[in-house]
Every structure is written in C-alpha cells, then in structure tokens.
Amino acid sequence: MSELRTVTLGMLGCGTVGQNVLHLLQRREAIFADLGVRLEVAGVLVRDLTRPRDVPEGISLTNDPRFLNRCGLVIEVMGGVDRPLELLLPILQSDRPVVTANKALLAERWDVLREHALDGRLYYESAVMAGTPIIGPMSTVLRASGFVGLQAVLNGTCSYILSQMEQGKPYQAALSEAQALGYAEDPPTLDVGGFDTAHKLAVLARFCADGHFPYSAVSVTGIEQVTLEDIAQARAEGQKIRLVATLERQGDTWKARVAPTRLPLDHPICTVGDGRNAMVYEGEECGTLVFAGGGAGGMVTASAIVGDIMDSVLGFPGHVPLH
Amino acid sequence: MSELRTVTLGMLGCGTVGQNVLHLLQRREAIFADLGVRLEVAGVLVRDLTRPRDVPEGISLTNDPRFLNRCGLVIEVMGGVDRPLELLLPILQSDRPVVTANKALLAERWDVLREHALDGRLYYESAVMAGTPIIGPMSTVLRASGFVGLQAVLNGTCSYILSQMEQGKPYQAALSEAQALGYAEDPPTLDVGGFDTAHKLAVLARFCADGHFPYSAVSVTGIEQVTLEDIAQARAEGQKIRLVATLERQGDTWKARVAPTRLPLDHPICTVGDGRNAMVYEGEECGTLVFAGGGAGGMVTASAIVGDIMDSVLGFPGHVPLH
Amino acid sequence: MSELRTVTLGMLGCGTVGQNVLHLLQRREAIFADLGVRLEVAGVLVRDLTRPRDVPEGISLTNDPRFLNRCGLVIEVMGGVDRPLELLLPILQSDRPVVTANKALLAERWDVLREHALDGRLYYESAVMAGTPIIGPMSTVLRASGFVGLQAVLNGTCSYILSQMEQGKPYQAALSEAQALGYAEDPPTLDVGGFDTAHKLAVLARFCADGHFPYSAVSVTGIEQVTLEDIAQARAEGQKIRLVATLERQGDTWKARVAPTRLPLDHPICTVGDGRNAMVYEGEECGTLVFAGGGAGGMVTASAIVGDIMDSVLGFPGHVPLH
Amino acid sequence: MSELRTVTLGMLGCGTVGQNVLHLLQRREAIFADLGVRLEVAGVLVRDLTRPRDVPEGISLTNDPRFLNRCGLVIEVMGGVDRPLELLLPILQSDRPVVTANKALLAERWDVLREHALDGRLYYESAVMAGTPIIGPMSTVLRASGFVGLQAVLNGTCSYILSQMEQGKPYQAALSEAQALGYAEDPPTLDVGGFDTAHKLAVLARFCADGHFPYSAVSVTGIEQVTLEDIAQARAEGQKIRLVATLERQGDTWKARVAPTRLPLDHPICTVGDGRNAMVYEGEECGTLVFAGGGAGGMVTASAIVGDIMDSVLGFPGHVPLH
C-alpha cells in the first residue's frame, strides 16, 4: 500500500451513536485505506469523563476542547443547540467539514448555519431518517424534478407508541413502555410533542421548498391527545393514525405541518412496516417515490455518519440546500 | 444575473427519453442558471432524420457525429451496445463526462468502461430504477455499511404482464397487450427473457459485490414459462410471482440471479404497488432499506438524466464502483 | 508502479517547436509517471505529410483533424490566426485545456478567447519570453503588488540584427544574415516590423493593465528605419538601441508602445546579455524585478509548453487574466 | 457585488513584515473581492502586547493562540523554529493552508513539514528572494526542464557589507554600519555566517535536486574571514566577491555550497545591481535563466506573502517539492 493521507477527526459527544461511529470507523478501516486515507481520532469531547463507555482502544476522551484545533473534520453527536453551535462555528469558519446528526441544531440555528451549508461544509445525511439515504438524493439528483409534496413518518418513538395503542394499550402505558425500552427520552416532549419530527421537516423543506425555510413555520401537533377511541375509529374506516410530516404547496407558498394523521392501510407509509421511517416523495417528473428504513438504533445512524465522512474525504461537497 | 458559464451538450439518440430530456432541460433552465450555468445543445445524433419528433425549437438533429468534438458533456439515450460505445469512447478518453441510461452497454462493455467509471466520468443514475435514486446512494453513503444482499423488481413490462396474468389473462395475451400499449418491445426478449433485469443487476453488483462483476455471471431465467397455474398456486399460498433480481453472498463469493420468484403478499416489493420498481437492500449496519418508484415513462427516466447533468455541472464526480 | 491515468494529447502543427515538444514529452515520461499520468499522443495535425520531420517513433502525423475528438488536451504550435482558432474553439467550448505558444492568436482573437482564459482553460507560458517563466508569476503571485510599469526586449531577431549593426553591419546585411541563419522569417515583417513584440505586449497587458486590452491599442514602430548613424550616436552617449516594449500608466489609462529605444549600457536589459529576452517589471510593493532568458531555439519554447502540460495534468488552472 | 465568501486569517508574529502584510491585505481588498473573497483577520499572535506596532484599525493582537481554531489560513512571520512549528502543526494536520516566510523553519524541520508540502498545504514564495517569484516557477513550469545547476546571491546584508568593503571599509566597520542601518541582526551570525543563505539553498534544492534534501548537507562558509586584501585581489583580476549559494551535480549526487565566491564583473549576478537578490538558473532545455529583485524591506516580502494568500484562496495548491 502506498502512502496514505492522514485525516484527523474529532468528535463532540460520545453517547450510543458516537460509540457506534467509533466502532464502525474501525470496522471500515480497509475501505478508507482503499480510498487513500488513514483516519486518526484526535479526541472525543465528553462532559462526564467517569461515565463508562464502549469505545475502541486508544480513543482519547476529554472535556477540554482544545484538540479541535488539530482536527480536519469534526463529527457532532452531542445533541443540544447552543453548546454544539459554539463548538462547531470556529470549525466552519475555518473551512473545515462538519458531520452532524443534530436536526435540532440544523432546524433552530439555520440563520447561522445556512451560509456554511451553501459552501458545502455541512454533512447531515443522518439527521433525517437515520441510515436511509434521503438528504443526499434531495440535495442532488431529485432537484431535476419539480417538487410537488411529501409525506413522511420520521419519529420511531411515536410510531411505536401508536402501534402499541393499536394493540389496546392506553397512551400513558405505551409511552412508559417506550421509555422503559429506551426508545423515548424523559421528558419525552421532543418526540411525542412532534418537535423532533418538525425539526426534520424543516431540514427537508430547505431542499425542496425554500432554502431559508424557518423552523418556526412548521405547524406542530404531537400525539399526546390521541386516544384509543381515535385509533379504533380510524381502524373502523380502514385507517391507521401516524404522526405524519407533510410538506405541500398552498397557493404561492409552502405549508409544513406535523400532526397525527389518518392513513389508509395500503398507504406505502403503512405497508413498509411499523418499525420503519418512511417517506412518500412526489415530484413532477420523477413521479411518486418511496423511501423507507429502520430508524432506531445507534448503529443505523452511525452508518449514515460514516457515509458522510466517506463523502467528505472523497472530496464531495456536503449537503447544499436551495440558494 | 452575472455571467453564466456555457456548458455545451450533445445527445446520442432522440426517442421518447431523449425528447423528454430536451424538454426537461428547457424547463429547468432557471435552476441551471442558479447554478451558474447556461446549457447549449450543440446537436442531437439520430439515424433517421425524417422521423417526426417532439423537440424544443432550435434543436439541431443530425446524422453526422462531428458536432461531438465541441461537446463538453454527452448524453447517450440511443440504446444498443457497440455503436454507442464507438461514439462515447473518444469522449471518455478525452476526459469529458458522459451521462447514459444504457444498462446493456454498462453491463456488456464494463471491461472497457470500468476505468472511466473509476475516474468519475460516467453518470448513470437513470440506468437502474429510472427516476428512483439508488445508484447515487450505492456509490456513496451506503458504502459505509457492509453489504448483505438485495432483492429487486427492476422491469416494468414483466411486472405488468404478471399482474395481468393475476387477473386471469394468459401469458401470450398479456404480452400482446403490453406490446400494444407500447410497454414491451418487439421482439420482447430483452424484457421477458430477463436480460434487461440482468443488465441492471450486473450494474448494481459492481457497487456492492465486486467492481469487476461480469454480466455473464448473472444467471437468468425469464418469465416466458410462467403459467396461470403457477400464479394460481402461488396465490393459494398467499404469494405473488415477480421477476426478481437477487444478489446474495454464497460462501466466499456473490450469487446474482434473475428468476420468477414467489414473494409473500406483505413483502415490501409487493406492497409498494404493482406499477413500481422496488428494491429491498440489506446492509450490516444500515439495516433493511426500501426504495421504490415508477419505472415507466420517458419523463421519469429523463428526470434522473437531468439530475446527473446537474451533478456533473456542479463538479460532483460520476458513479464510482468498487475499486 | 500502480495504475496511471492516461491523458490523450493532440498537437496542431509540427515545426521545430512541435518536434521538440514531442521529444521532450518522451524525455520527461518518468516525471509524468511520478505525477500519476501516462501521456498518449493521439495525433499530430500537419498540412504537408511528405515533409520530413524528426519525431519519436509511433507518432501519427495526419491532415485529418477528426482525432481531436478523442484528445483530452490540445497543444497548438501551428502558427497563424484563423485556422488554429477554428480548430481550437471546439476544444475550448467542450471544456478541454489548450496549451498554445501562439501570441498572434492570443493578441488578435482575444475577444473570442478571453472567456476561455478566464475559465482557466488556456495555458500560454511559452507565448512570451519562451522558457522564462513570466506569464505564470504575472497571473498569480505578482497580482499582490500594484502594477507600475514594465519594459522588455521580447524578440530575439531584432536584438540580433541591432547587435550586428553595432559591429558595423548595415541593416540589410544584418537582416539577410539573420534570415540565412534561420532566425528571421521571409518576409521578416512580423519580427522587424515590431508586430511580434506587440503581440506579446498585448498578452502581458491583460495581466497587469486591463483584462480586455486590445492588440490594436499597442502603438508599433519597427526597426527597419534604424540606421548605423542612430546606433553610433547612441553609443556616443553610452547607450544601446533595442526594440523595447513598454507598458506604463498615462493619466487614467495605460500606454503600450513598441519602438526602437535607447537604453543606458548598464540597464539590466543590456547587461543580461545580447542573446536574451529580458524584462524589467516594476511593482508598487514588490519593487523592481528582472527576468531574463534565452529566447531562441525550439527546445526553449518546448520546455515552457511541457511545463504548461504538467500544470494542466496536475489540476492547476491555466493563465487567468484580469477580470 | 454578490455574496462574498469569508476567509478567516490568523497571523503569528507582527514585526515589520507582519505589519506590512496587514496593510497590504487592506490595500488589496478590492482584488480579493473580485476573486469572490472577503478576508477577516481573526487574530495576530504576539509575545509582547505592549510593544507599539503600526497595524490597521480593528486588528486584534493577542498572546493567546486559541483564536487559531477558527482560522481558515494561517500566516507565519514570527521567526524561530520550534515555537512556530508547535503552533503550525495542528493547522497543517487539520488540512488548513499555511503561508510562511520562515526559511529556518523550512530548512531545519523538513522531516516534519515535507508531507504537508507534498499535500499542497504549505505556501512559501516569500522564503527565498522575497518578492521575486522563484519558488512558484521552480515548483511548476521549470520541472519540465532537466535541472543542471544554480548560483544565487540570497542575502542582502552580506552583499551590502561586501560592497561597502569594496569602497574600502574594513569588515567590522561595514558590519557595524549594516547593524546601525537595521540591515543586520545582533548577533549577525545568521546572515554573515552564511546560515540564512544556506537555509534558502536547502529550500531550493528540494525542488530541483532531491525532495528530501537535508539542511545539514549544505556546506557553509560565511563572510567573516573576507579581508580587504581578498577584495582588492579579486578586483585586480576583474572580479567581485559575493556570498554565493551554488547547487551543482557532482557525480551521482548534488553538491550544495554557500561560500564567498569570486564572480567576473559581467556575471549577471553582478550586473543586475548590488542591492538585489539574484539567481542564475541553468536547465537542460530552458537554458540559462536570470531572476533578480530587491530583497530588503518588509513590504517586498509582504507582497509575496499576499501573493501566496491569493493563490490559496483561488484554490491553487501550495509549493510542492519533488516526490
């Protein structure tokens, strides 16, 4: 093997997804070598150094962010909004690529991030539908078609709770179970309140509706008020209730909405299976497309993050929204 | 608007897909301008100049290929194998990008084309599943996951015939109807013999199994022998028959097979709808992904071709197979 | 050695410079291989196939320009203006690099060529001062300094004739001798009339005065009227006469002039030696710079052409004038 | 003016050269804007915050290097070897460009810097012959010629002292005068001992002799032992003494030498003028080239540094030595 170029990585956060990223990077070492690259993890920023984590040998965990100065690419999986922004902005300002899975950050700080996304420095395939490639196609090939609209189920916790309610479990019991299984956070507002889905919808809207689409323009209703009666009534009419993100034209503008929605049982979002994220994308010329994939599990998200890292080291620009 | 860079295009062939490409390029003029580019079609190579065609005003049809010397990008939608290869090779040798929808060419002349694909000069999103983005994700982000296997329905004519047979029409009648509707060529061997599907499977295999995967390694059985009895029997067991392309590991090697195959009715390939191409992709880390979209119609294919042109003028490399 | 990328070259013209280019490319094969490239000469366009030429084995001479369609880079050393333009325009329109030594073409067809030069497709280090690197520095690092002015001796034939006159030979005898030695063309107007020098000055002016600088704005006086008396008189005052190209500010505009000019004997243009092209370049911040080198001989020019080919295969843009 | 891309700069050191760089960047704002770029100086690292400096308004001087994390390009004009290396390494490891004028650093830490130079991240036109473009041509177009040898005068202080001695001043008096005028440092060893010239010769040797050329392979004799008698004797034979750097082939290897050397008065190094750096470069095909320019003054050096910054923001790689 001839000389490999070294790319020095840094990571912010080391929860489930982060730990999986570190393991997957190691597992794909041979592919990166085949692309001419040797990855070196310069450091992983964590808040609590005492918390036990499953990371490959030799990884340096630290709470001192100064190692970022020598990182040629930074992966952000710490969550939150203002703290990751503060850490990532210098990286972006110095023209270094950032790979992030953080839809809250992308949705809520777009005013600051947009210019960096336009310059191709931001990679975020994993932020919507985890391992299912949708951000990539939307930012490239799908632009050839006029955009008509989309419908998507983007939050696994809500789908899980609603499908448990279909088995007869009341909302609170289903939610508690989801929390016990580690699917839902405590408090669960981000998921069940629809805000996580709304974050993702805002990110999507910037590729197909308006590059400036503000998060605040998404109307959001969560699933907290869905009752067993609602579900029974839907079923009586051959339908299911899911938390659906919808983006559609309304006169001269675009309407983005997250709300519990009845879907016929043979709707592709229903038929692809309950555990899956799914999107039905309508384009003027490409017609109706269906994308679906598993949304849960840190490794699924990690696979998209590592895919973004590959794109970056290959010289592909990041995900560029509409101008 | 400041000065736009002119990109000079040439096109080989001008059937349904080609005519749609020309119209769609015109329709997307504003997007190309937004990307800083003005497209100019230098010429369209056709065999028969007298055949009536629906092309935008000002397009120059010709049977003299010398205009290719001034084309900065060439689109191939003429079909066939040796003639397009002869015309495209000089373009590729001179480091100019080629966008093609021609899976027969890609499958059967890979020995010659592979080096150009590795150098990022070949764009062929439209060659498999038409407007559904699968080649792009396979050549980039999906490489982060270990490949486990795939199953796909890739030929609309076969699906149409088989679904007509499910309504009780015998094979010959269904085939004739497909031909009358313009879905199937005459002779229909390429479609019903499974060869079109096999071409596409060979193309896919080069992204996930082996960059040298030869077309001859695909085992092919068509649908000509499928009887109404077979279909009835499948139905009795809750199954459908479709012409399925399968790629899976077999010991140390990869097995590629095209054959009429029974699928349970709730298999994603069945549930996404009869008129659609569909693929179930299994990755070690990304899990099970489903992609589906309309395969028929020249405009669907044209949308992927125009998407490839966008990628090329944006400076993205073409679809690079495994090394 | 791992796989080399093949770059297919074409050449227009095969006089002394062209033949030297072909030999030098062969001699530098190892350096190109070190840069990852294997050069392949697809063809050399000549008018007269019967004329004997010294070219490496295997080079294909032809009078049919169709081989240009498969060339990834075209070298122009045929001279003339309209014929090379006609052959090169398709190459430039299709976004392929062109390396040319032809200052007449650059000077007189700048209205057509400028957009291609701005897009970085035109390489022409050899067009001015042959093997002395001046176009490269002017198009890059020297732009950091404000331009004040330049003086240069750019035509070896004129310098030769004038230095012969300093030995006492009358103009006509010196000219005949230059022609006999092959330094001057017959008719010699391009050289002794100052037009070759004016072409070169126009090219230079586009880097430091105005990117649109027209050839017609150069005022030109040749050396035909210089007498032995002029020379004796100059000498009596400690001066030499040379055909000097001058570019200097005049009020709000730039004045470009080619004329026989008296220079003190200790002027750098005189002291660097009679056989040499020489330039004194004045920048606001970089101060006074002197560049000098041999201008005669096909191999000197060939060395700059091969340097441009190296730049191009390394991915450097060509020589970009002022916007 | 449409949206400009912001490039964030940092600078290490703020002596004469650094202050001139800051002023020149401001003066060239319009050219950078024309190239689509707005420069923003994030910070300037200095040791002594109390020292008065002439810098443009708004420049932030600091002794805390943390601002480097947000710099997309770093300029090094602090001098020294280990401290600048420590500060620059993280920048280079994170794939950010570095512009440096520091020949001592380049000469003495090449083992660490070479891989970054090969990757095109290091720009150092100003390190040799200040504002005279020689590193650029050597790293590109001159590679087309086989290298034969070079002779150069690269240190202005030594030339000044020797030319004062030609007027009859003894060495010590000439040196004291140079120090009083601010031309020579105290202690003056780096200049008069020949080490500064040797640093520069080592840098040059990596472009034309051997990409690994070690500083320790340069044989160095300073001018401290040159006497008025030596100078008188040289003059008697029509010669001058200068501190000359020589690189020439010796059998199978390259010999690099810095030593006081007699040159005939009509040697180009002598005739271009006493205040100038000068080089005579001999190539197999390009012949003998002469480069000369003023070496003194912070603004001359600053002009090459700003030229390197232009190259970098235009996407040109830095100065790449032989492999």
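The chains carry the letters A, B, C and D, assigned in the order they are written, with residues numbered from 1 in each.
Following the convention adopted for this analysis, a residue touches a chain if its C-beta (ideal position, glycine included) is under 8 Å from a C-beta of that chain, and two chains touch if they have at least 3 such contacts.
Everything quoted here is computed from the prediction, not taken from an experiment.
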Mean-CA-position distance for subunit B and subunit A (Å): 29
Separation of subunit A from subunit C, taking each centre as the mean of its C-alpha atoms, in whole Å: 57
Computed distance of Cα centres, subunit C from subunit B, in Å: 49
Numbers and ranges of subunit A residues touching at least 2 other chains: none
Contact graph of the chains (line, ring, star, complete, other): ring
Touching pairs among all chains present in the structure: A-B, A-D, B-C, C-D
Residue ranges of subunit A touching subunit D (in the complex, touch as defined): 3, 5-8, 42, 66, 68-72, 89-91, 93-96, 115, 119
Residues on subunit A engaged by subunit B in the complex (per definition of touch): 24, 27-28, 31, 34, 125, 131-133, 136-137, 140-146, 266, 268, 271-273, 276, 278, 283, 285-294, 297, 299-300, 302-311, 314-317, 323
